[in-house]
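Could you have a look at this structure, given as structure tokens, before my questions?
Note that the chains are named A, B, C and D in the order they appear, and that numbering of residues resets to 1 at the start of each chain.
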Amino acid sequence: MVISEKNTERNILLIDCLDAKGLVPKATNVIFKHGLNIERNQEFVDQADEHFFMRSEIVGTADRELLLADLAEAMPQDANIRLKEKRKKRIVILATKEYHCLGDLLTRHQFGDLNAEILAVVSNHEHLRDYCEKFGIPYHYVPTQGIGREEHERAVLDTLEAYDFEYLVLAKYMRILSSEFIRHFEHRIVNIHHSFLPAFIGANPYRQAYDRGVKIIGATAHIVTDDLDEGPIIYQDVTPVDHSFSPKEMARAGRDVEKIVLAKALKIVFEDRCFISGNKTIIMR
Amino acid sequence: MVISEKNTERNILLIDCLDAKGLVPKATNVIFKHGLNIERNQEFVDQADEHFFMRSEIVGTADRELLLADLAEAMPQDANIRLKEKRKKRIVILATKEYHCLGDLLTRHQFGDLNAEILAVVSNHEHLRDYCEKFGIPYHYVPTQGIGREEHERAVLDTLEAYDFEYLVLAKYMRILSSEFIRHFEHRIVNIHHSFLPAFIGANPYRQAYDRGVKIIGATAHIVTDDLDEGPIIYQDVTPVDHSFSPKEMARAGRDVEKIVLAKALKIVFEDRCFISGNKTIIMR
Amino acid sequence: MVISEKNTERNILLIDCLDAKGLVPKATNVIFKHGLNIERNQEFVDQADEHFFMRSEIVGTADRELLLADLAEAMPQDANIRLKEKRKKRIVILATKEYHCLGDLLTRHQFGDLNAEILAVVSNHEHLRDYCEKFGIPYHYVPTQGIGREEHERAVLDTLEAYDFEYLVLAKYMRILSSEFIRHFEHRIVNIHHSFLPAFIGANPYRQAYDRGVKIIGATAHIVTDDLDEGPIIYQDVTPVDHSFSPKEMARAGRDVEKIVLAKALKIVFEDRCFISGNKTIIMR
Amino acid sequence: MVISEKNTERNILLIDCLDAKGLVPKATNVIFKHGLNIERNQEFVDQADEHFFMRSEIVGTADRELLLADLAEAMPQDANIRLKEKRKKRIVILATKEYHCLGDLLTRHQFGDLNAEILAVVSNHEHLRDYCEKFGIPYHYVPTQGIGREEHERAVLDTLEAYDFEYLVLAKYMRILSSEFIRHFEHRIVNIHHSFLPAFIGANPYRQAYDRGVKIIGATAHIVTDDLDEGPIIYQDVTPVDHSFSPKEMARAGRDVEKIVLAKALKIVFEDRCFISGNKTIIMR
């Protein structure tokens, strides 16, 4: 039953567990008994892993703790159950020198069109400070000169400590993150990769694309995991190029597709539509 | 729970009705009590109409009549409940002179790659007889010369009578069908339209596109309803063109997008993923 | 012959006229005799109009007046010959309330990634002043209250008088311009249209798209002529949507495609790749 | 000057050589002196290699030998000059078991919509014989059992000997060709690769795509050179997929993009729009 958005609480319920019979009725019975309405429900069983995934958009004032307790009882013991309020996420952005993804996010944010609150920008360069400060976003420069990766990451972690954020967005952050750093924010770091993965891993992707004479270039937004450039893919898109594009012009075309791909991936993540299943994502519409 | 495809029955359950609280648990409880497993479930509430749609892919040997009776009891009185076996659909194709959509469907069919059995092709011209007969598909020529539309449609209906088909596919059938004809096959006729609807309705769409100097041409597959070219859209896609394309070359580029769009739309329809909601479709993934 | 970009002048020569034999050798002989090198040359004859179009990218220090005089002598009397320096164009942007196209252009401009110098923004609302002023771009508010269209356009023209601009970019400027206004800047106004033209002309395009249940929405950048929304199309692109998109979400998806389409069209225009031929464009690569 | 297509000869002139000043006027002067008209002319200088490429579409009855001799005199000594009649190419297709690319080409061919005459199909399997023979195309089965690659290739070459073809089209031919075989047909073999190159090189590309959880799959048509899957790319395109696609469904989606990409690439090649420049193509529009 659809009720006016104004006076009603809205939550997203995410459940995943090993598949078994009757999971959909068991979970939705609990929701129903709590007097809540399911406005959108999507369930998917990954046949390869026999794993069950369900996303429910539920409307009504929920007694969150009791609801979670009842769901935990109804679902299998291994079930991963999360109840998320439908609201803006709190994020911190990591960037380096390139402006396009950051600029796009800050502009959306400024006009209330990003489903998130940007708490701060952290960068290993000063290049983007001026731009960020135009928008009143705190900018933290964490230099890398004269220190090792470990020390630099510690400094970044110290900086992040001040912020109660849910997601870390790598908006063309050009440093490789250690496994240890990533483990602090499991499944909470989103990266935009300068290529249609798995092609052109590594440095100078547009030079590589030019040298290879490709007719299409792409971009990939993914969850960051231990394996560099190998985390679960959230969204990808491409744009056509041709022989008349220099590497510089390819990079320019790439910037447009990168910023849109990152924004679309963040929309998916911030609306709690993205399950992680091993090295893949399940995206619920 | 996922069970090997070989020894198991698979059905698609489609339910739609006015939205109310508890519909998902009510319907899925019935499925569970029948000992059936839900492998994929997608529910959507159209907020504008307060209408509920659910598609469930269920596995296990079903007592179909009892299941439908129990569902009818559990669901609201107005509910539209359909239980469809997961199998190839039986179709008849209507065509005129153009080969590309028909050729694509017949070739897929020949290699078991169309989710349908093509029972026959009916045409108002003889042009495609030779091609169809290569594939052993019965070809019925229903001429229009010297008779009115009504009489011609009656002759087509007479021809169709011999076939127990579920869908009628208009693969570039260039005759306008009367409301009366369409009413015989409500929501069971799929058409491919030579344009990115709602643009370029009418004759010579590629000439129109050329005259307008468009940079993209498209195609639209839709359910046929009373309103010519105005039925619910199932799938659309586009392809880029430029000033160097003559109207003839635009038509050629259009043929490629038309045949792929029709094939993708038919895959959706034949897998029972398409609900009709007024003048729109709800496509379940 | 390619010479290092640093120390060399680069010009774009654009010629169009009724087609005749020998136009390519005649024009290129003149260029050769002036000691200039052609790095890229593209010629196209529109067969419908028997009209000849040629764009040459030429390198070397040109005696511009003598070159133009020699070309005028070599070419037919009706020939339209333009020699343009390869450099950033000077532009003024007209906007209303929507931020996305303006924000995209200002951000590119800020980082030297727009092939133009933005001289000013003129708007019939105050909404975007704050954003523009962050970037130090003069913002002129020309209110419409209590005055007619004619008077408002005169006020806009007065404001524009202060700027020596080459192109006027309508970045979601939601006022209809009079023929008289347009005539001041023939072929020098670029508009972004909220739709895949010719579909959904008029107000509330995303509502129209939603009501029609389209599976794709698009955007069209075009040269502004007398016929509203009917000027020569420069660039178009689309993005997929589905039944789960509300009109608001369709508009949001539309914003992304609008801003990229406008930016790509402006790149074409600012690089002098766009000929106008009646109601169509010829885009040279 | 555009003259009616009926009574006029049309040729494509292709010239490439080291760049130098005055090449366009020199070449086009010769064409003009022969009384021929240039209807479309495109020149491009690859800045990295300082190499000049020009494609001219010329209309009028040419004294081919004299024209070529005059061009050879006017152009630098190293120039590669080819004059090609605008007509259907003669081709032989190599296939294995998959039907989709072959079926698409044979159907286009049957209805006069392929810019080529298919002389024969050669396969290492019998699977497609029945389909080819429906269309009256000679089918040669060259088995691989009990013989080495060298011997098999010799048998294929012997089979090809009977045909005076210009291009060899690999329509999902699943055998790796030796350098020696390829050298017989330099720049005359076109392949369709089951991936958005350079991603997913090797066997089971759709399994790889599934395991990686990609959101887009693509296809690449390229000229075959010594380096397996590394020849110059002619055309690429992609199609969206998601987590609900099994490897089998990804392959099915892949087939649609493969057949269209191959057809578009062949259109480019058969219209003599494709120059080879090292490991890249220059595609003239």
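Here is the rule we go by: a residue touches a chain if its C-beta (ideal position, glycine included) is under 8 Å from a C-beta of that chain, and two chains touch if they have at least 3 such contacts.
Nothing here was measured: the structure is a model prediction, and the numbers come from that model.
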Check: Looking at A-C and A-D, which one has the bigger number of contacting C-beta pairs?
Finding: A-D
Notebook entry, point to check: By CA centroid distance, what chain is farthest from chain D?
Noted result: A
Notebook entry, point to check: Counting in whole Å, what is the centre-to-centre distance of chain A and chain D, each centre being its mean C-alpha position?
Noted result: 41
Note to self: Could you work out how far the Cα centre of chain A sits from that of chain C, in whole Å?
What the structure shows: 35
Item checked: Set of chain A residues in contact with two or more other chains -> 40, 44, 47, 242, 244, 285
Next item on the list: Using the touch rule from the top, collect the residues of chain D that touch chain B in their complex.
Entry: 40, 99-100, 103-104, 107, 110-111, 113, 131, 134-135, 242, 244, 252, 255-256, 260, 263-264, 285
Note to self: For the complex, give me every residue of chain A touching chain B.
What the structure shows: 1-2, 19-26, 28-29, 31-32, 35, 37-45, 47, 50, 54, 240, 285
Checklist line | Residues of chain B touching chain C in the complex | finding: 44, 46-47, 196-200, 211-216, 218, 232-238, 242-244, 246, 277, 279-283
